[in-house]
Structure formats: C-alpha cells, structure tokens
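There are two complexes below, and they share chain A, which is joined by chain B in the first and by chain C in the second.
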Partner chain A sequence: MSESSAKESPAEKAEAPKFQPKYNWMNKTRSWGMRALPGKAGLKLGDLNMGIYGEIPMHWDDQSRNPRGAVPRRGMPPVGYAIRDKGGLWADCAADLYEEAIQRRWAPATDVPWDSIEPLPDDVEHAVCQVCTELTQYANVDIETITGWQHQMSYGYHEVKQYLATATFDAARHYECFRKRALVNGGGLGLEGPGQVNRMILESRGGWTEAVVYLFLVRGVFTMTLYRYLGRYAHNDAERFIYGHALADKARHVTYALDHLKFALAHVEDQQLVTATLLAIGDNGLARDLRDPVLKEALAIIFGGGIDGARQQGMEVYHALMRDYVDTHLAYCRWLDIPRNPAALPPPLNEYVDAPADV
Partner chain B sequence: MSEAVDTANDYELDLGWMDRTGPWNTQASQGKNGLTLADIQIGEYGDPPVESDNQTGRPRGAASRDSTYRIGAYAVRSKSEIWLDNASFLYEEALQRQWSSATDVPWHTIEPLPDDVEQAECQLATFLTEVEFVAGDVPARWVSLTTPDFLEPRQVLLAQVMDESRHMDVFRKRALANGGGLMQATGATSGFVGSIDLSRDFTEMSSRLHVSGEGAVLTLFRMGELMAQNEAEKVIYRLCAQDEARHVAFGVMHMRYMSEAAPERREEIHCYLDEAEGGLIGAANPVGQLTPTSESMAIILGGGKENFDDGMNKIIAIRQRQLREYKKRVVSAGFGDRFESGRSKVDEMIERAAA
Partner chain C sequence: MSRFPSVDWFDEVRAVFNADDSYRGAGGGTCNCTAGMKIGDDIFVLTFEGIECSRAVVADEAALDDVDFYLDMPRGDWLEMVKNIAANGSADLHHTLNTLDLDREDGLATSHHGDQYREDLFFRYNQTLQFFFNASARIKSEYA
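Moving on, here comes the complex of A and B:
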C-alpha cells in the first residue's frame, strides 16, 4: 500500500478544490496485498480464508456488523447477538456447502416435469396429497426455525450464516413444490400433522446447537429417509425429480449438522451429555408423532400401490423405512460418540432397533 | 371414504384421514413459465385470510386437527401487514435469476489497479459487505414471525435472504481478489441503516429497508457501468441491481397494498417516511455526505484521487437520481400526497444537491 494520501492532497493543486476530502480512511487495513484466485470451480467463499481473513476465533466479541478481518470501528452500539461462540454454530464445511447449494439450485416451476403427472387411483392420490401436506409442514418448520436463529448469529462466523441462507431457500423450494404437487393432480391438501416434533424443534431455546439436534439429527434424518423411499416409489418423473432433488438438499442440511455437532462436542463442555439428554427427550416427541396413524397409512398406501396393497406389502415397506431411519440415526449418533441406549427407545421406535432393512 | 377394514390382512387401517382434506378435485395447470406459485393460487387455496387464526403452522387450505398444538406464536397475522399483489411473480423471478458469485463473475478480468483506486474499491466493498448483512438478517427474522397463511410474501423474503447472502459474499470476494483487503468498517449499519433493526412493525421495516435503503442502493448499482473498472465489476453491479430491483419492488408493492387495505395506517406510514427521508442523504449513503464511503466513491468515479472533484460531481448526479427515483417509488406506492403537501423535503434536497 502506498504512503498516506495526506501529502498529496488535492489542496496542492493550483486551482482551489471544490471539495475537501479527508482521506482519513486510507491505509486503514489489517492486512493488505490479498489476492484470492479463482480455481476451476470459480472463486469460492472458502478461497477467501487467507491470512487474517481466514482466522476464525473461538469467541467473537464484536457485536457490530464489522466484517471479519476489517478494522473495527470503535463506539458502535451492539446489534445484540446471542451466538458469539464458535462452538455454538461452526462447521468447517459451511463455506463449501454454501457454494454447492448455489451450484445445485433448481426451480420447481420449470425444472420439474409437471407434464409427466397422470391421474392416479383415488386412494393413491389421497395418500400422495397427505404425504405432501406433512412434508410441506416439515419444510415450514425448517423455514421458521432457521430464520428465527439467523439474525442471532454473529458475523465472525459469516460462512455459517451464508450457508443457512441457502438452507432456508432450499426449504422455501420444498414448501412450494410439495404444495404444488398436492394441487396439480385432482387432489388437494390433506390433514395437518400432529406436530409434536414441530413444537420440539421450534421450542429449542437452549441454543442453535439444540435446534440442530432436533431439526437435522432427528427430523432431518427422518425426512431424508422419507424422500429416499418416496423417490423409489414415485409414480412419475415429476415426483422422482422432486424427491431426488429434495434429498440432495436435505443431505447438505444433515452434513452441516453432523459437522457442527462434531465440532460442538469437541469444544463445548458437557455438550456430549447434553446432546444425549436432548435426544432422549426428542425420541419421545418423535414416538408420539409416529403413533399417529395418518402419515404411516398414507405412506403404506403409496408403497403398496393402494389401500389393498397397503395392509401387507405397503406396511412392510413402511417398517423397512423405519428400520432404515433408526439405523441411520443411531449410526450418526455412534459416529458423533453420543451415548445412546437403543433398548431404551420408546415404542414404536424400539421395534426397529437392530433389524436389518431388507426391502 | 373410510371403507371396512379387511381383518384377514396383517394391518388394520383407520383411513379416517381420507375424509379430512382441504378442498378436493383441485387441478392446477401450468402456463408458459412452468407451474408457478400463481398457478396454484386457485379456489380456496388461493385465498389468504384477512386475519389469520392459523397458530399451528398448517399449510393454507389444509384440514385442521382439533388436537394440534398452537405452536405458531406468529406476530404477523393481518394480511394488510405484509401482503402485496405480485409476490408470486417476484418469487418465481428470483428463482429463475439466481446466480453464483463463484462462477458467474469473470474474476479473471480483474487487473491490478492504481493503489488509490484499489483502496477506494476495497473501502466501498467493506461498506457494502456491512450493508448486505442487515438486508439478510432482518427479513429472515420477520419470516420467522409471519404466519404461513401469507406464504407468498414469505417466499419472496426467503429469496431475498439468499440474494443478500450472495451480495455479502460477492463484495467480500471483490475486496480480497485484487491485491487489496478489507478496510475499516464504517459502522453505517448502526445508524440509519441500523434503524432497520429497530422496527417493531413489518411495514415500518419494509419502508426503511426496501423502499428507502435498498432503493438508494439500487440506484447506485445501476450506475455500475460508471463505477466498474473491469468486466467482473460490471457483472457484479448488474446482477446485484437485478436482485435489488425485486427487493425494492416488494416494498413498493406492499406499501401500495397496505395503503389501500388499511388506509387508517397511512399517517403512520407517512411518519416512517419522514424518518427515512431524514437519512436519505446521510452518512449511511455512499453518495450522501462526505464520508469514507463517498470519498472512495469519488475516487472510483473520477478514476483516481487527482480527479476527485470530477468524481464528486458524478456523485452529486447519482444523489439527485437517487432522490428522484425514491420520489417516484413513493408516488407509485400511493404516498405521493406528501410531495404535493410539502410534507416531504425531497424536492428541496434535489435542488440543494444541484446547487
């Protein structure tokens, strides 16, 4: 950076200047000479983390909107952030997930082959519409929960805030496309869901990490499993497209969650046992939702190809789905080293422990 | 529809839910822009309530369960508080026009610049990064407070949060891409722009954020051809302007709806506009007072410190244009009477800027 401009102020010019700039902002930088270069995937958010700009402290005291690495301005009234510890939100993969989400964006209006949807038997259409109604509500909880936390996160950790902006945008797309699917084929929306897990997620007042446990490790893994099975039993290309893309989006949400929880467990005192307690509470909420017959029956009708098939084959696929969910959820808990006692899971979750999914 | 359950089968089905649906036989059909949000606004599904009593978060038009908990706690439940007539269009347009700051900006066109110009670019980028933070956080918070019965405006706000996140990131990228770095934070978002945070009402927030704040930024981005030193910067300003135009349109269209649906709130909205106009040429505006940001803008527009006065003259032209565009938007929103009655000082500001 060249010398201060004060010496070469326009005042030196022969003609009296119209304006008197102070230039007192010049040379105020903590680190100059940065040149982030684009790679073959362009100039990515993570590429900017060079030198001091990539230093991400464990605690972020600054409560202004000072961008990380800029020279702070003193005397700024705090904006008021609840989350100022790295342990409360960080995930190393956030910057990459952010760019990935942008590259993999899709538009339900034009990318989904809506023309491929043909009339379905009445019972099957009812079931599809019921499932879409509940998936819309799941997306709603994603939206309301994440947007409720975003503004509470401090700017030292902007990568996470930015990734979460893509996550709520994903959820907006899911909200929209499941509603569209329900209204496009002679059906309509069904009955609202029972909402125990919804309440649990929205009521995560203990911090963003708690919300992550419920929103992603419980509900997110469950939703992913639903998308996977629904994609397998899709009736047309439109449904296949929707479930496939929603699954890819949801996989990013769960990836962020696992990475964050791994970080939080390693750096936040008592987080491991707190998470175990949260999950024990969460199991009960999920179990209560699962004892409600509506979603289960609708899924069985889809998997069985109608009411008749639902009673046998459809229910068997539903049970396979549940075994898959419990397996995956417990495997993630093991990977995170969260102590869990599968035998203590409340019914009906305990019925699905250790039984291999074979459908 | 519940039919007799065949007990010979393994699982008994209740199926009572099949009779409990929203309006049935709904057949939305797609138009030439695919199946848009507007295409599914049909029958009762397209009819948001004037006052929403939905506290369970159920999708608009779905059948309700008596046993579901009231978990919504939504603060925004009156249609007039948030509605606008073209939300579906703005949302679909946002989806079609998403872009990537990593791959859509030709970063390789950025060449080393004279030190004063690079410093000015970096100061402006530091400021814009701060501003974009606000424009993302605040709408997000309001989404969490809005009933899903008003899903269309909510979807637009979610797209805005995504857009602002990209803006924040593209200006950080610009600051670190050409041998410079971030400069000093301006703190501008704790002043006028920051007061967006303080809003206790959605329309109050929207009048500050969408109409005056982002309106001013939109005029600026539209001057991108003048400001840009290279193709990459041209693309950045053009794409950001496209996004900002949607955000501003949201505010203008909402204000218009509010004015028609709740005329008893017009005087209150005028008060918000009084406040906003007080800050139009303030320190938070890069082409407002002589601040670090406006000085850096003058260097950029003039092409160096030696042409500072030239740059300032361009700034003044931009400031006038900002004010004229602001006035046009407020007129379009249905509040043009403030200019006729002399309540607004914007005309005087335009004249003063010229002098």
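Moving on, here comes the complex of A and C:
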C-alpha cells in the first residue's frame, strides 16, 4: 500500500462509521437521587447503609463479585464463595470497627520511640526477645487465618470483609513491631513456640465462626492479657507504646468476635453447643502450649526483673496473668451464654479458676 | 487554676485535650464512649465523641448504669494518679490506667451492666483515655 493510499481523504473520513454511544447503562441503578450524608465524624461506611444499600439479607444468593446494591450483569460465572450466610460472619459493629481501625492506625517505624530502648541485662533481653518471637508467630497466624477465610466471604457482607482487611493489617503491624523489638537491642529472635494453638487455628475447617472461636476467643483473649501485663512491666517508652497500641488493636478483634458470636448464637441452629465443644477443644490446645515452659519462664523473668526475681515475684505475676486470662475468658463465655464448666478446664488452666462452676 | 475533682477541672483538661492534634495520631483518635469517673463519693461522666471529649458533667450513682464503663478508685488513689501525672508530664509506669487496672484488687474499669462489649471500650480507647489524663499535666491544679 502506498503512502498516499493509506491516508483517508476528508470525504472518506466523514463517511467512516462513528462510535455511537447509547448510554443505556445509565439507567442501571436502583436508587438514583438518594444521597449519603456525612455526619459529625465524616462520611462513614455505616452511613451508606440506607435504602436498598442497607438491605443485608440473611443469605446472599449472588455468587459473583457484584457489590451489594449494584445491578447484576447476566451470565457472570460464579466465583464460588463458601460463606454466603449472614450467620457465618456477620457482626453489626463491623463497619464502625473498620472506621475505628483506619482512624486509629499507627506506624511502628516512626511512631514507636525506638531511641528510648537502652541495653538491658542479658537475661532480661533474652526473655523479651523470646516473648517477641512467640508474639510474632501469633501475629503471623492471625494474618494467615484471616486471609485464608476472607476470600471465601461473599460480597453481600462487605463491611465484615473490609473490617477483616484492617485486622489483617493490624496483625502485619504486630508482626513487624515485635520482630523489630527483638532485633533492635542486639538480642534477636529466640526459640520457635510449641505451636499447638497455631496449628489448631490454621487447620480449623468447620467455618469462619469456628476460626473466630479459636483465633479470638481463645488465642485473642490470651494475647490481650499478655499485652496488658507486658505493658505493665515495660522497660522503656517504646515497649509501653507497642503493647499499649497492640492492645487497642487486639481489643477490636475481640469486639468483632464477641459481636459475631452473639449474632451466630442467635441465628444459627445448635451454635451454642457447637461453640462450647469448640472451646473445650481450644482449651486443650492452649493447655498443651502452656505446659511448654519457655513462654512461662521468659514472662517470669520479665515480670521479676531477671532470673533471680523470676522464681518468686516473676512467677507470682505470671500466675496473676493466668488468673486474669481465665477470668476474662470465662466472663466472655458467660456473656455469650455459652455453657462452660470451669472445673473441667484442663490443667494447668484449671489451677487458675477461682469462680464457682456456672453449669 | 481548678480544683480536682470538679467539672471545671475536667473542662480545663478537655480544652487542652481537644486542642492538641498530637493526641489524634499514632493510635489515638476517634473515640466514642461515655465514661464514668468515680472519685471517692464524687461522680462525673465524660462523653467522648469523634476526636473530642465533648462534655463533662457531675452525676450520681444511678448515672453509672448508663455509661459504657467507669473508673472507680478511692479519692486518695485518684489524687496520687493526677499528682503523678502533674509531676512527670504524663503517667509513669506505676500510674497508667492499664497498671492501675491490673494492680488494684478490684481493678479500675468496671460497669454496672456487665456488658463485655461495652466494658471492652476501655481497652479499645485506653490510649485516648491515657492521653486525656496526661493532658491534665498542662493545667494548673489544686487538690481537694
């Protein structure tokens, strides 16, 4: 083709078929004219739940990635979401927790006052590093577990998916800051934890609610208690900051868990007894981990200010921590109306029960 | 100068707290709760909305039924805490809300309703509550 023939004359250009937009997608909307209004705290995720956008059914039929309230496109292949019942994941507080997590975020690299960390006696530094090693593992399990379930949750319940995205990010932040604390003062990472609970959480296959029981009601409450005590016995402002902020993050996770379990117990048949059974399994996993002496000894050294103080004061504080954990865990179970028999807790957990049996 | 405990004292602390952006970053920030303060026989209720503490009022025992949680200590222990904050610019390790909650026989944060969901706001907002009381170091106080 010659150069001249490749060029179109003005007449030929005019005759070429033009793109004729039809704009017929423009009427594919269900609530034209309805406006979401920002409140005092801005335009929050929950503020969008008005009209049809606030209709959150008990079962989500759509198997595509269609956002809730959008007009579905015909012929879309199913994605295959496993969790399509509201009872399997829902918590009314999810949208608010999402906003709270975004708003209260923190950055370990720059927000933690790392320069407040000074050399510690070797035994104490070893203990801090050992505890941080195990907390890093806990955080990694949070990440893997949440992301392992999140893609199975249908888009009809996007508030939960979004909140759990922040929970994953919280866990990534915890992984980061505990690893940093272990490495920042010359100690480095210690011995891998026994991991019975890690395996139990990661290998649970009975549904997201089961994972919530293990991840938050067993491990989460235990981790929260650790953060509180480690904050109490922090050696510097950096540790105070880390444990204090990680506690707030973890408290959100537990709040989601309590709200979800309340919902599931009210709407899913037999969930109450199923949860009680899961907790009995969870207690056994945790008890096996606790029989390993490493975490206990490391905590006692931190609480006692060294190996010498660990034997008496350190162990006394460790026992107080365990009593607080068992008290808190059982209080949550009572609030959820899950039947528990404290006397039947496996050792060593049963050594920390001081409440009368509530069954 | 305001006397602790009084609404005037809490209002002065609120003014400092609400005006300082540094309390909103790095894990502080949005806080939505009503928190009771039981200071011996005196009771106050603080309302936190968004990024502000919007109100402090005198209340009675019945008002504690409605708050999300309340902090309960004898007057002498409250005085020790706020004096420690005034002396150090912020609570030292023995006088943080977390430490007081752990070290005291009956804890610090509690509620009448026993609703775990609402009681746990103390943990979710612990940093903000600590920032609030730390802000009291920046006002002049007299102690009753």
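In the analysis below, the second predicted complex is superposed on the first by the 336 of 359 C-alpha atoms of A that agree within 3 Å, B and C clash if a C-alpha of one lies under 4 Å from a C-alpha of the other, contacts with A are read in each partner's own complex, and residues count from 1 in each chain.
Keep in mind that, in the parts below, a residue touches a chain if its C-beta (ideal position, glycine included) is under 8 Å from a C-beta of that chain, and two chains touch if they have at least 3 such contacts.
None of the values given here were measured: they were computed from a predicted structure.
Model built by superposing both complexes on chain A: chain B and chain C fit together without a clash. Once the two complexes are overlaid on the shared chain, A:Ala234 sits against chain C while remaining clear of chain B.
Legend: residue contacts after superposition of the two complexes on their common chain; A:Asp142 is shown touching neither chain B nor chain C.
Legend: residue contacts after superposition of the two complexes on their common chain; A:Ala107 is shown touching both chain B and chain C. Within the superposed three-chain model, A:Met224 lies in touch with chain C and out of touch with chain B [touch as defined at top].
Once the two complexes are laid over each other on the shared chain, residue contacts for A:Ala310 go to chain B alone; chain C is not touched.
Once chain A of one complex is fitted onto chain A of the other, the partner contacts of A:Thr255 are limited to chain C, with no touch recorded for chain B. In the superposed model, A:Ala41 lies in contact with both chain B and chain C. Annotation for chain A, partner touching more residues between chain B and chain C: B.
In the superposed model, A:Ala331 makes contact with chain C only, not with chain B.
After overlaying the two complexes on the shared chain, residue contacts for A:Glu99 are found with chain B and with chain C alike.
Superposing the two structures on chain A brings chain B to within 11 Å of chain C, judged by their nearest Cα atoms. In the superposition on chain A, the residues of chain A contacting both chain B and chain C are 41, 99, 103, 105, 107, 111.
Looking at the complex, you find that chain C touches chain A at residues 25-30, 32, 49-50, 93, 96, 98-99, 101-103, 114-117, 120, 123-127, 130. On the chain A side of its complex with chain C, the touching residues are 40-41, 93, 99-100, 103-107, 111, 224, 228-229, 231-232, 234, 240, 244-245, 247-248, 250-252, 254-255, 258-259, 262, 320, 324, 331-332, 335. Those residues of chain A that touch chain B in the complex are listed here as 1-2, 5, 8, 10, 17-38, 41-45, 48, 50, 53, 64-67, 69-73, 75-77, 79, 98-99, 102-103, 105, 107-112, 114-115, 122-123, 126, 129-130, 133, 136-137, 140-141, 143-148, 150-151, 155, 158, 161-162, 165-166, 168-169, 171-173, 175-176, 179-180, 182-196, 198-199, 202-203, 293-294, 297-298, 300, 307-308, 310-312, 315. Per the touch definition, chain B reaches chain A in the complex via residues 1, 3, 6, 9-15, 17-18, 20-30, 33-37, 39-40, 42, 45, 56-59, 61-65, 67-69, 71, 91-92, 95-96, 98, 100-103, 105, 107-108, 115-116, 119, 122-123, 126, 129-130, 133-134, 136-138, 140-141, 143-144, 148, 151, 154-155, 158-159, 161-162, 164-166, 168-169, 172-173, 175-187, 189-190, 194, 197, 290, 292, 295-296, 298, 305-306, 308-309, 312.
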